[in-house]
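Could you have a look at this structure, given as structure tokens, before my questions?
Labels A, B and C are assigned to the chains in the order they are written; within every chain, residues are numbered from 1.
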Amino acid sequence: MTHLFPSDPAQRQIAGELYRHARDLPLISPHGHVDPALLADDTPFPDPARLFVVPDHYVTRMLASQGIPQSRLGVPSIDGSPVETDGRAIWRLLAENWHLFRGTPSRLWTEKVFREVFGVEKRLRRETADAIYDEISDKLRQADYRPRALFTRFNIEVLATTESPLDELTAHAKLAADGWGDRVITTFRPDNLVDPEWPGWADRVAALGALTGTDVGTYAGFLNALRARRELFVAAGATSSDHGHPTAATLVLDDGEAAVLYRKALGGGTDARDAEAFRAHMLTEFARMSLDDGLVMQLHPGSVRNHDGALHRRHGRDVGGDIPSATDYVHGLRPLLDAYGHDPRLRIVLYTLDETTFTRELAPLAGGYPALYLGAPWWFLDSPEGLRRFREAVTESAGFYNTAGFADDTRAFCSIPARHDVARRIDAGFLARLVAEDRLPLDEAAETIADLAYHLPKRVFRLDRS
Amino acid sequence: MTHLFPSDPAQRQIAGELYRHARDLPLISPHGHVDPALLADDTPFPDPARLFVVPDHYVTRMLASQGIPQSRLGVPSIDGSPVETDGRAIWRLLAENWHLFRGTPSRLWTEKVFREVFGVEKRLRRETADAIYDEISDKLRQADYRPRALFTRFNIEVLATTESPLDELTAHAKLAADGWGDRVITTFRPDNLVDPEWPGWADRVAALGALTGTDVGTYAGFLNALRARRELFVAAGATSSDHGHPTAATLVLDDGEAAVLYRKALGGGTDARDAEAFRAHMLTEFARMSLDDGLVMQLHPGSVRNHDGALHRRHGRDVGGDIPSATDYVHGLRPLLDAYGHDPRLRIVLYTLDETTFTRELAPLAGGYPALYLGAPWWFLDSPEGLRRFREAVTESAGFYNTAGFADDTRAFCSIPARHDVARRIDAGFLARLVAEDRLPLDEAAETIADLAYHLPKRVFRLDRS
Amino acid sequence: MTHLFPSDPAQRQIAGELYRHARDLPLISPHGHVDPALLADDTPFPDPARLFVVPDHYVTRMLASQGIPQSRLGVPSIDGSPVETDGRAIWRLLAENWHLFRGTPSRLWTEKVFREVFGVEKRLRRETADAIYDEISDKLRQADYRPRALFTRFNIEVLATTESPLDELTAHAKLAADGWGDRVITTFRPDNLVDPEWPGWADRVAALGALTGTDVGTYAGFLNALRARRELFVAAGATSSDHGHPTAATLVLDDGEAAVLYRKALGGGTDARDAEAFRAHMLTEFARMSLDDGLVMQLHPGSVRNHDGALHRRHGRDVGGDIPSATDYVHGLRPLLDAYGHDPRLRIVLYTLDETTFTRELAPLAGGYPALYLGAPWWFLDSPEGLRRFREAVTESAGFYNTAGFADDTRAFCSIPARHDVARRIDAGFLARLVAEDRLPLDEAAETIADLAYHLPKRVFRLDRS
């Protein structure tokens, strides 16, 4: 019960009391990467290695950093190099190297899932590896452990997945047909259609044209095709879009200038500067579309994609080779905010991997512009210390009500309740300190934690359909 | 009594003991923005809304960030758009949205003022709004609540206001005539005369010429005019100047180069690069003037002014639309420090909005150059967490004695004692941790807190006339 | 016993228990600046001022920052200006200004050395200055206080000093002859041979040619000469090289391009851009050499050398006039990591003076690339708060096992045990919080602290000759 609470007795007692106001509230998961087919098909999970290791780049990168390459951990290769396929062998590698995860959130989450989802009480180590593998494998064959059953048991109210505009949303259609349409919704993520530097961009634009029956040879046609896909995403439940750009740059071009960049990109003649300008301008276009269709814009800038070239060449994208870099929100967002930052129809949720912007940029911006909300600490910052530092840094300038609540941002479906629970406990601890230091009355702290855990994300992400 | 102290029992007990060494010391307010006419005329404050909401951009920006525009909060417009004038209506908006301020310093300060200045014990909320409004309005009509009476009751020893060189200092003249000249002093703030990018610059330079009877058509004349104004400011009690530049850049130009930039600027032919160079060089000129007249230079760089264009167009400058940005002190200050950083006549107090420079730049610089002192956490960082992080970050490289004590930096006269009290309590808590962790003996901690609260700012800002 | 532990009773009790697992482990000092002649000659230390003040720029810069110039503190001048030579006079200046060091690590270290090495229990102040001076002077004349006796008493297992490739390693030869070769080893630090902007570079390159009997007129010859020196350093016990560049830039040039830069530099025609490219490329060359000879590469980027021009002109390099600046590891290291970041023969230990990179860059990089380890907080960050923030920031993404243990980085031989003890205590406190917050079992925390204090640095720096 005292897990993650401050050890100071006064704070711990208050944290426990506050946590009780949040603990049993339904989970709102407004941003994540669970494969919707998992819930559409409701097929059982494969073995423990494929559940806990193979798809989780937090886990594989840590092991790789100590010399156990991703290929030995079952991460699929794209260059034909051989990959371990024996789940038990992968699992043993994890167990033998479990000490590497001391002090990391991966360890916290995994142990919570072991205990709270699978009832495993043993500590993972070389000697217990096989027994735990068998115990979890066993459970995974039971009907209670199939995805939909867990979804219900986890008390998830709504789960947003993330899809490209090119996705045909068949999984979501099946979910809707099964009456799960309100519970599992999609998110519109157009990055691979607005980044001319992403290999294959022109082909994907062509595919967008084909999918929508639109002539995407012109910029106006391109925008129309995107609008058409947004409409379908909205129909499939989407309440937000998601944008993961290299920087936070935004730009307001007139239609002529944008069309020139678009044509240049289609012709393959784009340089880095043009590409940046096009991506920056497209954020403005998406903001304009949001004024019409109400999608909340999520911005995730500041990651250098595929920093680890060797990893990228062997295993492709999204396997843990991205590294954050310094991000300038103040100048980057200014054009967009100047255009629409006061429009009540627009809502932007900003994430960062650069903590230095918490007090210097993000909190002052969110504490000023009506359109802006701060998203939860993301990726490397989604951790007890990261969550705590976030509240300590942003609250004084942005308050609690310019933040958007927790987002688990995960593909690891089984870890969703653990991740939300960590966030709720850290928020309880932070609020408890405010109470213990006589900075906030207990009753207001209790109201606040319930807002952070449930009411606020529901409202900010327009999941209350308001 | 335990307000803001750490909740750890050992630290709390020590903090209480240390705080007693600082609590009753007179307030030194070496940097702030109180209107001197307030004290010169000693007229009663208007209603509570005009005291607590309208002029306080910490308050109005937070409400605006949640969709309550500044015009509904009584902030004067410059574009003719209508503005709420009913104090009670503004007050109700504050009360109904008081939850937005949970965890913010605005809430702490306001509640301390309610309680300690006005004796209001009720918590602000929709239901209590009118009663509190009436209770404070009542008090504001009493003689005890007029500015000079409060000044004395607040135990303020000296309060520095901030004026442009174009200010005729009539309020200060009246204060001097009334025997208040040592208690309320001015500060020389020439930003609007050295920034050619600030609209109206040439007109203000002309006004400077007229005011001083100097030919400001030449750079030498411009410097003479500034020197003449400094002399009058010194006569009106000023012990410091204040410089709020976009960056920390300094530059040492020879007279010919500076004259070229000046002429270009007067002719309206300045670009951004020239303007930056001129501002940077003028800091060096002001440093040279300080060698002669002893004014302590305060530097406040790193704010993007008028970031919120809509707000600026409607309500003008200084209403909360500025946003911090990353600031480079190491390269920026080098030319000035290389020229005068060891001159015992020069004293510079450096402020920042960019916490990332605390350990990387500011503490190493202040812990090396004799001329440099670190000013208190400023603006968005003037808060319990900000003050705590400042001490945690800078003390190990700069010690306590290269810092300049607290500066309230406020227009909100009634909040001055609350702000100083927060700083004293946070310093007590920080020192208490050092004592509790056996890093500093209690008697030295006690001496230190008294120095931080009173003796150090008095000495650093040359208020002891040394 | 509770020195530096958290004051929370639960954490303090656990910290004490953990500390017992680290306290008596031998000291591994893999990076520092002790003069090897000190141990080779084993001559007694001079007076207390020359032991504690004159060579310690942490101490002299703090005093200088408050107006006591380095010349009054006995720091040798290079411009012929007079310098205080009376040790007792220097000592009194320290004592009279001891309050400046409140809250600094210098004070912690010094008081620990007073107490634990010299048995001095009095507090330093004006009144006790002479008595302490006499007491320490007395001890320094005793055989027990000669360097080798202290080395043994300090329980140092291995101490690495740092030498230029031009050093003839005579002190190390004498140490080896005396059977101390395994205990005192050298480190290969080639900065003054790879930085064409460092005055006298071409002369030093010529000296390298002469020393190795190599024709350094060609780039290939230059590399051969460096390789020859590395070989001798390895023979003298070196297990690592050290690289203190202005930035973290690396570059992979082909031999032709590198040769062009080299020739240009030899001809004196190098500009800042060329010099940066040459330094950046040389890191790649040294990485290649490490693949062959196994030297661990230590990188110390991000310091603006000789920022304080007046100090540099009067007292030369390395007297406290360097200032950190913002450092970009993500883009800077990418070329080198792309080339060799997965090579198991390469090991890089990265240090920083820029804390903002802890969570944004360093922990993600070290938690991904097998070659990378994070070095201990360095210089201005080697302090209780700096060490604590380092663990709080990097552990969640990099774990404990991608860090390299403590490095004292000091010239102040007598302070080595104090510095290691501070690090062990802070790590004990950090781990104790994890235990108290139910994030790590006590037995694993105990194993971890012993790893951090001893096993990990020994392994990472290849001091186990593995």
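Heads up, the rule we're going with is that a contact is a pair of C-beta atoms (placed from the backbone, for glycine too) under 8 Å apart; a residue touches a chain by one contact, two chains touch by 3 or more.
For clarity, every value in this text was computed on a predicted model and none was experimentally measured.
K.L.:
Report, in degrees rounded to the nearest 5, the angle of the rotation taking subunit B onto subunit C when the C-alpha atoms are fitted.
P.N.:
Superposing the C-alpha atoms of subunit B on subunit C needs a rotation of 120 degrees.
K.L.:
Given that subunit A and subunit C are copies and touch, would you call their interface same or different according to whether over half of its residue numbers are shared?
P.N.:
different
K.L.:
For subunit A and subunit C, what's the span in angstrom between their mean Cα positions?
P.N.:
40
K.L.:
Taking each residue of subunit A in turn, which ones touch at least two of the other chains?
P.N.:
8, 326, 356
K.L.:
Sort out for me which residues of subunit A touch subunit B in the complex.
P.N.:
8, 10-11, 326, 328, 330-331, 334, 337-338, 341-342, 344, 356, 359-361, 363-370, 372, 392-393, 395-402, 433-434, 436-441, 444, 447-448
K.L.:
Under the definition above, what is the set of subunit B residues touching subunit A in their complex?
P.N.:
Its residues touching subunit A are 2-8, 61-62, 64-67, 69, 99-105, 108, 123, 304, 307-311, 320-321, 323-326, 353-356, 380-381, 383-386.
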